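One chain, subunit A, appears in both complexes that follow, with subunit B as partner in the first and subunit C in the second.
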Partner chain A sequence: MLAINPFFLAVGIILGSGILPLLFLWRRFVLMKAVASFGITAGCLIGLIDAILKLSHGVDWASSASYLHAFRLAFHMDGLSAFFLMAIFLVSLLAAVYSYHYMDDAQKTIRVAVHYLFFSLLVASMALVVTAANMITFMLCWEIMSLSSFFLVVYNYENDGNRKAGYLYFIFSQVGAMVILAAFGVIYSHAASFGFEGAAALPETAKLLVFVLAFIGFGSKAGVFPFHVWLPHAHPAAPSHISAIMSGVMIKCGIYGILRIYALLGWHTPLSGYIVLVAGMISGILGVVYALGQHDIKRLLAYHSVENIGIILIGIGLGMVGVAAGNPVMALLGFGGGLLHVLNHAIFKSLLFMGAGMVLHKTGTRTIDVLGGVIKKMPITGTTFLIGSLAICGLPPFNGFVSEFMIYIGGFRGAALGQADFALSLLAIVSLAVIGGLALACFTKVMGVVFQGEPRSRAAEAVNEKGTSMITPMVVLAGACLVIGVFPGVFAGMALKAAEALQLGYGRVPLAPFMQLTGNITLGALLFFTVLVSILVLRIFLYRGKSVTASGTWGCGFTQPTARMQYTGSSYAGSILEFFGPLAPLEENHPPIEGRFPAKTYYQSHVHDIAERHMQGVIVSPVLAAFDKLRWLQHGDIHLYIGYILLAIVVLLFFV
Partner chain B sequence: MIHPVDSLLALVLLSVLISFASSRLPTLIKAVAFQGVVVSIVPFFMGHDLTVGGVVFTLATMVIRGIGIPLCIYLAIKKVAIKREVEPIIGYNASLLAGLLLIVAAAFVSPKFNLPQISVNALLLPTAITLLVAGMFLLMARRNAIAMVLGYIMMENGIYVVGTSFSLRAHHIVEFGILLDVLAGVMIMAIILQNIKQTFDDVDTAHLRTLKE
Partner chain C sequence: MTSVLLFILAILLAPFYSAVILKVKAFFGGKKGPPLLINYYTLVKLLKKGSVYSTSTTAIFKIGPMVSLCAAFTVLMFLPIAGQPPILSFQGDVILLLYLLGLGRFFTIAAAMDTASPFEGMGAAREAYFPIICEATLFMILILFYVITGELSLAAYFSSGQPAGFWQAAGAPLLFVVLALFIVLLTENSRVPVDDPATHLELTMIHEVMVLDHSGPDFAFIELGSFLKLFFYATMVTRLICPVTIGHPAADLVIFLATMGVVYVAVGVTESVMARYRMDKVPQFVLTSFALAFFATVISLEFLK
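What follows is the complex of A and B.
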């Protein structure tokens, strides 16, 4: 029975092609890579088709098996699971393809084989997390997911910074898991079973406790402010396709968890909506502000994940408020927009990480201010990165616009409700607008400094665009951005189907108003393209017969322009960051220029993350100080250590 | 009438006292070997249904526990010149007193566990607890690493005694699980011993103190 189920077949193929390289093939580097990446791709493809079919036919499917005679491993797939599975398999598929050329260091054969093992474990465990149907299964898959991604983060473990990032991630994911476990514990204490079904019968106060605990636990995986501290450290440390998976889909498992707990609790008060909404607004705005101040392109993208998680939470929060206020259209717009943004963010963020990975792979640096002019040598990477940037800023006719537009409209519906709902909906709209504007500023910085202008260093000059397997996924993803942006009807329908699984009690969702909305978006996009094409034709027509000369960017008519005359990323972002000074303290180090013949000077800046800073002061330092006081326990005498064990056993015997 | 199991267990308790009082390694090894043999044949007298497989398993346990491992340790200390002194942290008389107190305490504590399977043989649980804690005591109170290995084996004997009475059905699986544990433990200890010997030219574990950061 298990063998013919396409979902388990997909997971099995993925796991198999992860284990195979390590067992047999690690002596033959290219063969190993080919088998692993092809196998994972094939498995993901099966899973993707299965998820899309299940989503469009609305099939509920369940399966369970006994594990160690003690627990049941149960799996269940409904619309919500299928929607997340679609995003997971899509991004993992393309990341597997991308890895073939990205992992090209033949010296590290075994390490690459191990990487494929954890890669496959990560993909399989994510797929199992979103289908898990009881607490044991969920926690088991959740832990495998956290651990396998930890090993992928420390792929380049020689680097001290990467190891630290790995430990930070490890601590955050384990503490998060502990909090989730506490939430499950509360459910278990009332329902006395490991199934999720008992959650709906909890008393109100217990529901609040479960929701808040689950929100913190899942939020720390999703990267909600202030639990996002691991994210900007771990994402740059991992190989780029892993960053794409982690940022694109793994953190979405946190969103899945929040939605699942919401659906299970069936607790439709405005309070849950307010919590999610406020957390979303804070994450969104601060995420993009910190992103603006980064000098490392992958770190910048990681902060944008925080921002987009914020947008998703705003959508979900509006949905929850809508449910509580008895406004089905607002609820569906909120949830649908949030879910669609999950898919959209998965697509454009993995596209951006892959683009950044391509730049890193060819130039060897992630520092924005030493790059420049890359688009001239890498036209496809540059163009797809541009499309991804436009999509992440929420500009039409790309996919980010569609989901943000749905959330906006949901917000306007909420503004009609009055009282607290009015204030929060309005705030949500304002923060979405602020996020969009700042994201635009941030990506003009990246595009302008990294891809355009002139190369600022030797590394940025000697680049080329090779590696078909790396280019193809980016083109596919850019295509997906455009397709969803122009024909959003199908995808919005999918998101609404997924929202149906939340048990809101609206029955079949009337799709007509949404179809009208998406139809208008399509019409607008088509108009846009008509105008664009006619302008291009007009340009060709007008410039015919005239001579066009090309010269260096920022040349400004100098006879001897140098690349150092260009605008830098830091200077571009500086004025905006000054405005957000209290929230994002900017530390600058710049010896002033003095005298007629000034000595050589430099400029350094660093934006402090207030969450990181306060966490250091409030939690890390006291804990370290406390443990420092307990140092005498470690005295090196083995006999007393055995005594500790004895003591522990005796104490347990008497008190448990 | 005294049940044969109880008389066997009384022998085990005596072997504990001998091991506490012995100053030389060979004596200690012999005491533990004797203990292993006696503990292994306890199931014969428990009145379980003895199948052919059961007999073979029990005998195999006896051979490994009572002869195999002690013989290996004995040959090892003969081959490499290891000090024959167990180097106590707590003296022999004090150890002996502690052993006696331990037996009394175990006998006092064991009824409180309220385990119906074990109540048939009055000495079973006290012996098991005594063996466990005595093993711990040897681990803590002897500086010679070989003596510590023997303490570890004594603990495993205690677990075995509990195991035989608890799991009538899955008896042999549990037993072999424990045996595997013992083998793995002894092997790991052998490797560690080798390292201690190489580094410090002695198997006195007090030297490990210098490894503290």
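What follows is the complex of A and C.
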């Protein structure tokens, strides 16, 4: 039975192609890469097709096996799992293709082989996390996911910063897992079983506790403010296709966890919605503000993940409020929009990370302000990055708009409710508007400074665009952005099917009113394209037979401009950051120009993340101080250590 | 059919109305000013010319003007002019329109950044900044309109006598909305006191500096696009300050066009009697619009119930 199940077949192939290179093929670099990347691709493809088929046919499927004779490993796939599986397999598939040319350092054969092992483990464990049907299975897969991604983050472990990023991520994921475990512990203490089914019967207060604990635990994986601190460190450290997976789908496992717990608890109070909404708004706005202040393109994208997680949470929060208020349309728009944004963000964020990876690969730098004019040498990367930027800003006719549109409409429905629902929906709508505007500022900055203009350094001049396996996934993803943006009907339908699995008590969702919404988006997009093509034809007509000449940029009378005079990313974002000063303290270091013969000067700026800043004082220092006091426990005497073990066993005997 | 005719009329009239502002400013300056048809002459002149492209630019530079004009055209198709229903309308079209204008803005900025000019970068940074607050204001106003009408489309807000319904439902706080919308109009269309379209110093410009390198038909597209955008915002303000419809299309059109004139004159007067704010004061000015819209919404929805 196990062998013919396409899902396990996919997971098996992925795992096999990860293990195989390390065992046999590591001497043959190219062959090893080809086998691993092709194998993972094939496995993901099977999984992707399976997930899409299951989602469209609505098949509920379960399977379980005994593990270590003590536990049962149980798996269950419903619409929600299938939806997440679709995103996971899609992004992993393209990342595996991308990795073939990206991992081109033949000196590090073994390291690349090890990387493929953890890559396959990460993909497989993510797939298993979203199908796990009891606590043991879930935590097991969750831990494999965290650990394998940890090893991928420290891929370039020679770099001090990368090691630090890895440890930070490790600590966050372990503490997060501990909090999730505590949430499961509360469920277990009431239900006395490792199954999830008992959660619905919990008393109200226990449900609140479980929800809050789970929200913190899963939120720290998802990158919800203020638990996002690891994210901007870990994403830049990892190889770019791993960043794409981590940012595109791994952090979504946190969202999956929140949704799953919500469904299991069946706790339809407005309070859960308010918690999620407020967390979403804060993450959304602060994420994009910090992103705006970054100088490192991958760090910037990492902060955008915080922002998009915020948008997803706003959608989910509105959905929860809608459920509590007995407003099914609002609930489905919120959940559907949030879920669709999960898929959309997976697509455009992995596209953007791959684009950034291409730039990093060819120029060797991630610093925005030393790049420039890259699009001329990398037309495909530049164009697809532009499409990704438009999509992440939520602009029509691309996919980001569709999900934000659904969330907006859900928000407006909420604004028509009374009192607290009104206030929070109002804030949600305004936050979405502000996030959209800030994202636009941020991505015009990235496009303008990295891809457009003139190269600011030699590194940015000597670039080319090679590596078919790196270009193809970007083109596919950019195409997906456009297709979902113009024809969102099918995809919104999938998101709504996934929302059906949340047990909101609405039974089968009538899709007609939602299809009308997405139909309108299609209408708007097609109208836009029609007008655009007409203008294009008009333009061609107007320019027929006219003289078109090339010349330098008008320097406003200045005749000797240099590329270094261009507006930089820092100057572009400067005034907006000043506006958000209290939330994003800007530290500048700039010795003034003095005297008749001024010395060389410089300008440095750094935007502080208030969560990171206060984490040091509020958490790190007290914890360190507390552990310092416990130092006497670690004396190095082996006899006493054995004594500890004995003591622990004796104490346990009393309790168990 | 009427709506298509009105749509074409709007495109034809938009340059004229923008010239009204110039005339008003000339009047305040004690000058004769350019003729009222100046913008048509400019457009025709630009369309006849060829173009010079900077060697720094890419295809984005050429796409920019097309997208911004396209966004303006599309938006206008959803706008009820003179109280008549628009060409197209659906639930949620307002959100699409605001984001389409955002798309136009993205490409205008991208085209400016394409030239590698520090001045254009400066303008672009400001163009990216101020509209963020405008969008918040507009969505705040939308919430008010949505709760009153239960609809999310421009047609439901500005067709026939509906704007009068807003006055009945919200009362005096709607004055705040009109004022907020007027501030948004000034900001989004780069008018004084946010931006000075007539200044001769590139450093102090926002929109004008961003399009420095455009020439010929490309520049004509940009100019026409900005006339249309101003027309779009002015129509909304007009319908709010003059919500009445008699029922006879021709008479309604006359009233509408006359009130539009008043709005444009108001813009001209504002430009004549005010100086441009210092750049770091502009956000405060724009934030005023948000505060006004916020109070209008909260007061009329929560306290006047």
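Here is the rule we use: the second predicted complex is superposed on the first by the 611 of 656 C-alpha atoms of A that agree within 3 Å, B and C clash if a C-alpha of one lies under 4 Å from a C-alpha of the other, contacts with A are read in each partner's own complex, and residues count from 1 in each chain.
As a convention for this text, contacts are C-beta pairs under 8 Å (C-beta built on N, C-alpha and C of every residue); 3 or more make two chains touch, one makes a residue touch a chain.
Only a predicted model underlies this, so the values are computations on that prediction, with no experimental measurement involved.
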| item | value |
| --- | --- |
| First (subunit B), second (subunit C), both or neither touched by A:Ser305 | neither |
| Touching partner for A:Leu646 - first (subunit B), second (subunit C), both, neither | first |
| Partner chain in contact with A:Ser81 - subunit B first, subunit C second, else both or neither | neither |
| First (subunit B), second (subunit C), both or neither touched by A:Thr131 | neither |
| First (subunit B), second (subunit C), both or neither touched by A:Ile638 | first |
| Partner with the higher number of touched subunit A residues, subunit C or subunit B | C |
| Partner chain in contact with A:Thr518 - subunit B first, subunit C second, else both or neither | neither |
| Contacts on subunit A seen with subunit B and repeated with subunit C across the two complexes | none |
| Touching residues on subunit A, where the partner in the complex is subunit C | 372-373, 375-376, 382, 386, 389-390, 393-396, 401, 405, 408-409, 412, 415-416, 422, 426, 429-430, 432-434, 436-438, 440-441, 443-445, 447-449, 452-454, 516-517, 520-521, 523-524, 527-528, 531-532, 535-536, 539, 542-543, 546-556, 561, 563, 565-567, 571-576, 578-579 |
| Of all residues in subunit A, those that touch subunit B in their complex | 634-640, 642-643, 645-646 |
| Of all residues in subunit C, those that touch subunit A in their complex | 47, 49-58, 60, 66-67, 69-71, 73-74, 77, 88, 90-93, 95-96, 99-100, 102-103, 105-106, 109-110, 112-122, 124-126, 128-129, 131-133, 135-136, 138-140, 142-143, 146-147, 150, 152, 202, 212-213, 216-218, 221, 279-280, 283, 297, 301-302 |
| Residues on subunit B engaged by subunit A in the complex (per definition of touch) | 89, 133, 136, 139-141, 143, 205-206, 208-212 |
